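Each structure below is given as structure tokens.
One chain, subunit A, links the two complexes that follow: it is found with subunit B in the first and with subunit C in the second.
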Partner chain A sequence: MSDTGIGASVPRKEDRRFLAGRGNYVADIAAANEMALAFVRSPVAHGRIRSIRKPDGAENRVFTADDLDGVEPMRAPSKLPGYKPSDFPALAIGKVRFVGETVVACVGATRAEAEDLAQAVEVDYEELDPAVDMLEARRPGAPLVHDSWGDNIALATRTDGDMESVKARAAHSVTREFRMSRQAMVPMEGRAVLAEWNSRMDQLIVHTATQVPHLIRAGLAMFLGLEQRQVRVIAPDVGGGFGLKTYVQPEELVACWYAMKFGRPARWISDRREHLIADANCREHHYIVTAHADEEGRILGLEGEVTVDAGAYSIYPFTNCLEAAMAGGNLPGPYAIEAYGVKTWTVVTNKPPLVPYRGVARPGVAFAMEMLVDAVARTVGREPHEVRMINMVPASAMPYTNIARKTFDSGDHPGAVARAAQMIDIAAVRERQARDEPDGRLIGLGFGSYVEQAAHGTSVFASWGVQMVPGYEQAGAKLTPDGGLELRVGVQSHGQGMETTLAQVASEILGIDPENVSVIHGDTGLTPYSTGTYASRSIVMAGGAVSRACEVLVERMRTIGAHLLQCEPDQIRVAGGRVMGPGGDLPFSEIGRVWYINPEELPADVDTDGVEAVVGYRPEPDHGTFSYSTHAAVVAVDPDTGAVEVLDYVVVEDCGTMVNPMVVSGQVYGGAAQGIGTALFEESPFDESGQPLASTFADYHLPGAAEVPAFRLAHMVTPSPHTEHGIKGMGEGSTIPTPAVIGNAVNDALKRYGAEVNETPISPRRVLAAIAAAEGEAA
Partner chain B sequence: MKPAKFDYARAGDVADAIRLLGSTDGFNKPLGGGMSLGPMMNLRLAQPDLVVEVRKLDALKAVTEEGGYLVVGAGITHAEIEDGKIPDTANGMMRFVAGQIAYRAVRNRGTVGGSIAHADPAADWPTALRALGAEVAIDGPDGARVVPLSEFQLAAFTVALEPADIVTALRIPKLSPGAKWGYYKICRKPGEFADSIGAVVHDPERGRTNVVLGATDGAPLDVPALAEAVRAGTAVEIDDAKAALAAQGAVFDDYGNQIHAVALSRAIKGALAS
Partner chain C sequence: MTEISLTINGEPVTASVEPRTSLADFVRDSQRLTGTHLGCEHGVCGACTLEIDGEPMRSCITYAVSCDGASITTIEGFDDDDVMEDLRQAFTENHGLQCGYCTPGMLVTARDIVRRLPDADEKRVRLELSGNLCRCTGYVGIVRAILAVLEKRRG
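Right after this comes the complex of A and B.
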């Protein structure tokens, strides 16, 4: 390992500008003559638009769906049999389907003026009964979100397992119902767009806060009726995404339409209220799961019913079916289970669309499965970590294809559990638990484990039926005339630190100092095509591609270097940022000088493609990497107030080769903090009429510094056998088990009451209700 | 989230503020720290025609001692109280309460007078100062007057102020050295609006014992039966507090009944232990 290559905790280069407040976000970018957009949003969850009255004299500043000539509703196709697509209009057409849906667009010289106009627009609605709860919406006779569908089921799937044979051998069948509530995704920077038409380029230039610039380009071109060459999407600094910034937004389409129609730039910067009301939500899952287990707690068979509340519209490009597909495929987790059957329903309701959030379905999956494992442990009277270990795929069985046909590449899952158990010190916790706390609180211990498929490749996405299937990830590497390096990647770094970690990969191959490497991303005009940053794929895919591209540069430099150093190419080594031969060596700048400035010094057999290469990469097999982890936590529950405090939290994780261990730890901290949000705080509730009840941060609670414990981490390293450098994807992982870890710990604390909380967030209200329900049963 | 158009004026003194507030027939609002009015205007929940800034008026920043009262100018910030910039005549209770209000950034600007005038049930001062037996000094077109907080607080976000009135100060009875107090706030996390507040002041020497429940749907609520228990030195368990609330017709949902009783019980325990 070099000081700056793979494995080094190089401080993040991008932090220099971020920590000094010199980031450059969409809202920091100004365009001459720009106009600001504000939207009139539906105040009803479900209704027909009877009439819209524009303020007098504002016809050219106030627009309805009828004005948006050439703008097509957003339709996300899927090849999954039985999938029902929905048309998501930029501005509502005829009907509104959730509170916050864009109905009328207003422009003004300032945002305040645009909001003044929006306030003056009058819209008359005929209110319709809404479909609010997914289980009710699933039933026949529920109000229809999309009239032509006949029901509210966007997709139903079924996988049958041979359950009869395992039931006969099972001593216990343990059934539980779980609900993970709907929540928002809360990046520091909200969504933002600035669109302008550039006549010279014959191009729509769209600055937008996105994780997937190339996919947004494809979507904008399709829905605006442009050729893709006519759209350039630039994602400058993007302040977090977590999944929220992976879809084409109605507001983006309207801004683009206005810029094209009127020849003036249009800006829309989401404010927190419209963010919390109208942006896509995430998570909302419901589970009924049954484990058929033997006397030891070995789970022989697993049955599940999964319902996902997908909201009103399927979003482009990933559709509203990914969550349920992922849930069905991931429920067995890291366990070796003989029989597995699952039914899934993707249900539409009169709420904002649902998009995958960091962890994608798996936090819900783990909440159900990991809490079920603990319920099994309580049933058979064993420590939960022991039950986990006897059910897990052992290291000796790797690679292992599980019951859901996922092939784990490598790792020691039970080993991670054992290490977490040791770190949290079970004996000490059980001893403390047995004593009464001076303040009357109850101590609880919880575990949670997961396996995280990441960097899913072509075959996996193709099987999900989505239109945008990732293929070979490309990276460009270019030696500059003065011996520096430019990397070009189509993935987006919006908090992942890839301006540093990709430079480290280049440094690993070339020995170049990351300080002399520029990582260029976030611009469809400058970077190779990529489906972008999601699914914990970027360091695996773009990292692999950068590595391969740098290897090509090594070959090219070797030829030139051998000529200059008067030796054979196979005698040349490239290391430490220099080209070294047996009799001397040269800095990269000499290679750059000869190629660009003094080509008369090049050898006759030089590769005419020069010192620049664009290389594609895909791991083989391409089914993805499998990181895994076990978390354990100790909580204190106040049985009088229902308050939960996290006292201790340990994470043992294995993501293969770590490019930058400090960045890995940072991702773990951030993900676990978000997991604590899901576990204890974050919820976007709706009342019976479909009104959102958390529209500001006064009602939508996020974990802050005081609520997040000092996580204690341990890293295990089992490289992937299939990827460049053995890297596995890990950006999302630590959000996955956290709700279950906290839930298990709370239920462990409440076991003296026989109470269980089975719904997130585990609010004081829910804890008290669970205790009251258990005491009611006991009485 | 930008405010609707409004006019803005900075008052030169209290008389000027009153004149400005009464100068038009529209909806005019005095602006203190702006920690509540600002967000409400940005959300367009409040659309005043004229905003009169009173934050820096000398008279509202004055702190004096008058007989048995500490008179705290309405423009004193939570942070100034938290940091001990005003005399401690409440045996530390004011500092304790101030330090728990929202976040430091809010405390730096938010004012005690603004909090009392805004009358958010979940805010700290309406409950804490009622327990201390505070009075509100008001100035307006009809002259100055003093109103006990218990008569000033009418309902949630509703107080006995006429349109051109402003709160100039809080008159807070000094506690005797042996007085005890307790304050227990339940909220989802530090800095959030409270779900429940129990405030207790027990000053036998001055003949004042108050037990007040805050963060209900309305104005803070005196709980006389529990004040009687405090005077008697009787321990108040959660079920006792529940019974006392129910007996005076203060009934909430299951969660409210529980946490209000807990807040009161813990505040009383804190007071008796102090």
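Right after this comes the complex of A and C.
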């Protein structure tokens, strides 16, 4: 390992500008003559628009759906049988389907002026009964979100398992019901767009805060009636994404339409309230799960019913049924289970659309499955970590294809549990539990494990029926005339540190100092096509492609270097940023000079493609990588107030080869903190009329530094057998088990009451309700 | 419109502002100092934290007109400050930032902690950070960075 290549904790190149306050986010960019947009949003969850009155004299600054000539509603197709697509309009057409839906667009020289105008618009609504709760919305006779559908079910799926044979052998059948509440993703930078038409380029240039610039380009072109060559999407610095910034948004379409129609740049910068009530939300799953287990706690069969509240419209491109598809495929987790049956429903309601958030379905899945495992452990009277270990796929069985047809590539899952158990010191916790705490609080211990499929390849996405199937990931590598390196990738880095880690991959191959490498990303005009950054795929896919592209450069430099050094190409080594032959060596700048400046010195057999290469890469097989981890936590629960404090939290994770261990650890910490948010604080509740009840940070609680524990982390390293350098995707992982870990710890603390919580966030109210329910049952 | 005169990063500035304009919008839009970020515009997240007369303040809930005569320092104005230099170094060494959006506000708050509470321990640092939200880092690197600077300065 070089000290700047794969495996080194190189400090991040991108830090310098951020620390100086010189990052460049969409809202920091100003265009001459730009206009600001503000929106009139629906105040009702479900209604018909009777009339809209524009303020007098403001006709050219106030727009309704009727004005948006050439703008098509957004439709995300899916090939899954029975899927019902929905049309998500840029501005509401006829009906409104959630509070916060865009109805009228207003422009002004400043956002304040645009908001003044929005306040003067009058809209008259005929209110309709809303469908708010997903379980009620699933029933026949519920109010219809989309009148033509006949029901509110966007997709129902069913997989049957051979339950009868396992039931006959099972000593216990343990059933539980769980709910993971609706949430917002809350990147600290909200959504933002600045659109302008460039006549010289015959192109719409859209600066937008996105993770997936090439997908946004495809969507904008389709819904605006442009050819894709006429759209350039640039994601500059992006202040966090977590999944939110993967869909085409109505406001983005309106900004583009205005820029095209009026020839003036248009900007829309969402405010926090818009994010909390009108952007796509996330999570909101309901589960009924049953484990059929033997006397030892070995789970023979698993049955699940999964309902996902997908909100009013499908987002483009990933559709609203990806979440339920992932849930159905991931419920068995890291366990070897003989029989598995699952039914899923994707239900539409009068709430904002749903978009997959970090972990995609799996935090909900793990909340159900991992808490069910603990319920089994309590039923058979064993330690929960032991029950996990006997059910997990052992290292000796790898590679292993599980009951949901996922092929785990490698790893030692029970080993991770054992290590976490050791770090949290079970004996000491059990001893402490046996004593009474001086402050009357109850101590609880919880575990949670998962396997994280990441960098899902072509075959996996194709099986989900979505339109945007990732193929070969491409990267460009170019030696500059002075011997530096430019990398071009179509993914987008918005916190992951890829300006550093991709440079490290190049450094591994070429020995070049990452300081001399520029990583160009997030711009459809400058980078090869990529489906972008999501599904923990970027370092696997773009990292692999960068590696391959640099290898091609090595070959090309060898030919030139051999000529200059008077030796054979196979005598040349490229290392340490130099081209080395038996009798001497040259810096890269000499190769650059000869190719670009003095081509008269080139050898006759030089590769005419020069010192620039675009190379495609896909792991084989392409079923994705499988990272895994076990978390364990100790909590203190106050039975009088219901407050939960996390006293200790350990993580043992294995994501294969780590390109930059510091960055990997940062992803683990950040994900786990978001998991703490899901577990204890974050919820976007709605009242029965569909009104959102959390529209500011005063009612939507994010975990702060004082609420998040000082995580303790250990790495295990089992390189992937299928990917370049053995890298596995891991960016989402640590959000996955956290709610279950905390839930299990709380239930462990409450076991003297026989009480169990089963819904996130585990707020004081829910803890007290669980205790009261158990006491009511006992009495 | 109201005329105000103030000092921003050591430079005298005179400007006409609408009474409703926040200090954050004023420094970002009129002065083009875009290092001050907006994360909530209602005083909770701390992304907009800058210094007014030497104290950390939330510029999103401060009106520009109320800053007549004040001395403002934004993240762009700390380049010669030795505490800030230490913090910047420590933030990068401890991976105290990912997307960078909360970072300017964090640094201004962190500088205040380092100067005001030289003996702060981890628990106190975490409590003092409760007015600054970060969605990326889980606070681990931020807390470590501040503790490292405190330790360095204690010698």
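The definition used in the following text is that the second predicted complex is superposed on the first by the 779 of 779 C-alpha atoms of A that agree within 3 Å, B and C clash if a C-alpha of one lies under 4 Å from a C-alpha of the other, contacts with A are read in each partner's own complex, and residues count from 1 in each chain.
As a convention for this text, a contact is a pair of C-beta atoms (placed from the backbone, for glycine too) under 8 Å apart; a residue touches a chain by one contact, two chains touch by 3 or more.
These figures come from a predicted structure and were not determined experimentally.
*Asks:* Since both structures carry subunit A, what do subunit B and subunit C do when superposed there: clash or fit?
*Replies:* fit
*Asks:* Scan A:Ala27 for contacts with subunit B and subunit C and give back first, second, both or neither.
*Replies:* Once the two structures are laid over each other on A, A:Ala27 reaches subunit C alone.
*Asks:* If we overlay the two complexes on their shared chain A, which of subunit B and subunit C does A:Phe681 touch? Say first, second, both or neither.
*Replies:* Only subunit B; A:Phe681 stays clear of subunit C.
*Asks:* Figure out whether A:Glu14 sits in contact with subunit B (first) or subunit C (second), or with both, or with neither.
*Replies:* Only subunit C; A:Glu14 stays clear of subunit B.
*Asks:* A:Leu768 in the overlay: touching subunit B, subunit C, both, or neither? Say first, second, both or neither.
*Replies:* In the superposed model, A:Leu768 contacts subunit B only, not subunit C.
*Asks:* So in the superposed three-chain picture, is A:Gly704 touching just subunit B, just subunit C, both, or none of them (first/second/both/neither)?
*Replies:* both
*Asks:* For A:Val186, decide between first (touching subunit B), second (touching subunit C), both and neither.
*Replies:* Touch status of A:Val186: second partner only.
*Asks:* Does the superposition put A:Gln119 against subunit B (first), subunit C (second), both, or neither?
*Replies:* first
*Asks:* Among the partners subunit B and subunit C, which is in contact with a greater number of residues of subunit A?
*Replies:* Comparing touch counts on subunit A for subunit B and subunit C gives C.
*Asks:* With subunit A as the corner point, what is the angle to subunit B and subunit C based on their C-alpha centres after superposing, as a multiple of 10 degrees?
*Replies:* About 40 degrees between subunit B and subunit C, seen from subunit A.
*Asks:* Quick one: is A:Asp640 in contact with subunit B, with subunit C, with both, or with neither? Answer first, second, both or neither.
*Replies:* First partner only, subunit B.
*Asks:* Note down the smallest distance between any C-alpha of subunit B and any C-alpha of subunit C in the overlay, whole angstrom.
*Replies:* Minimum C-alpha separation, subunit B to subunit C, in the superposed model is 5 Å.
*Asks:* Take the contacts of subunit A with subunit B and those with subunit C, and give the residues found in both.
*Replies:* 110, 112, 271-272, 696, 698, 704, 706
*Asks:* Within their complex, state which residues of subunit A touch subunit C.
*Replies:* 11-12, 14-25, 27-28, 30, 110, 112, 186-190, 237-240, 242, 271-272, 494-497, 662-663, 665-666, 669-674, 696-698, 702, 704-706, 708, 710-711
*Asks:* Please output the residues of subunit C touching subunit A within their complex, sorted ascending.
*Replies:* Counting only subunit C, the residues touching subunit A are 18, 20-21, 28-29, 32-42, 44-45, 47, 74-76, 79, 88, 91-93, 95, 97-104, 107, 122, 125-127, 129-130, 132-143.
*Asks:* Which stretch or stretches of subunit A touch subunit B in the complex?
*Replies:* 110-112, 115-116, 119, 271-274, 640-643, 681, 696, 698, 701, 703-704, 706-707, 763-765, 768-769, 772
*Asks:* In their complex, what parts of subunit B are in touch with subunit A?
*Replies:* Checking each residue of subunit B against subunit A gives 1-5, 39, 43-44, 186, 188-193, 195, 238, 254-255, 258-259, 262.
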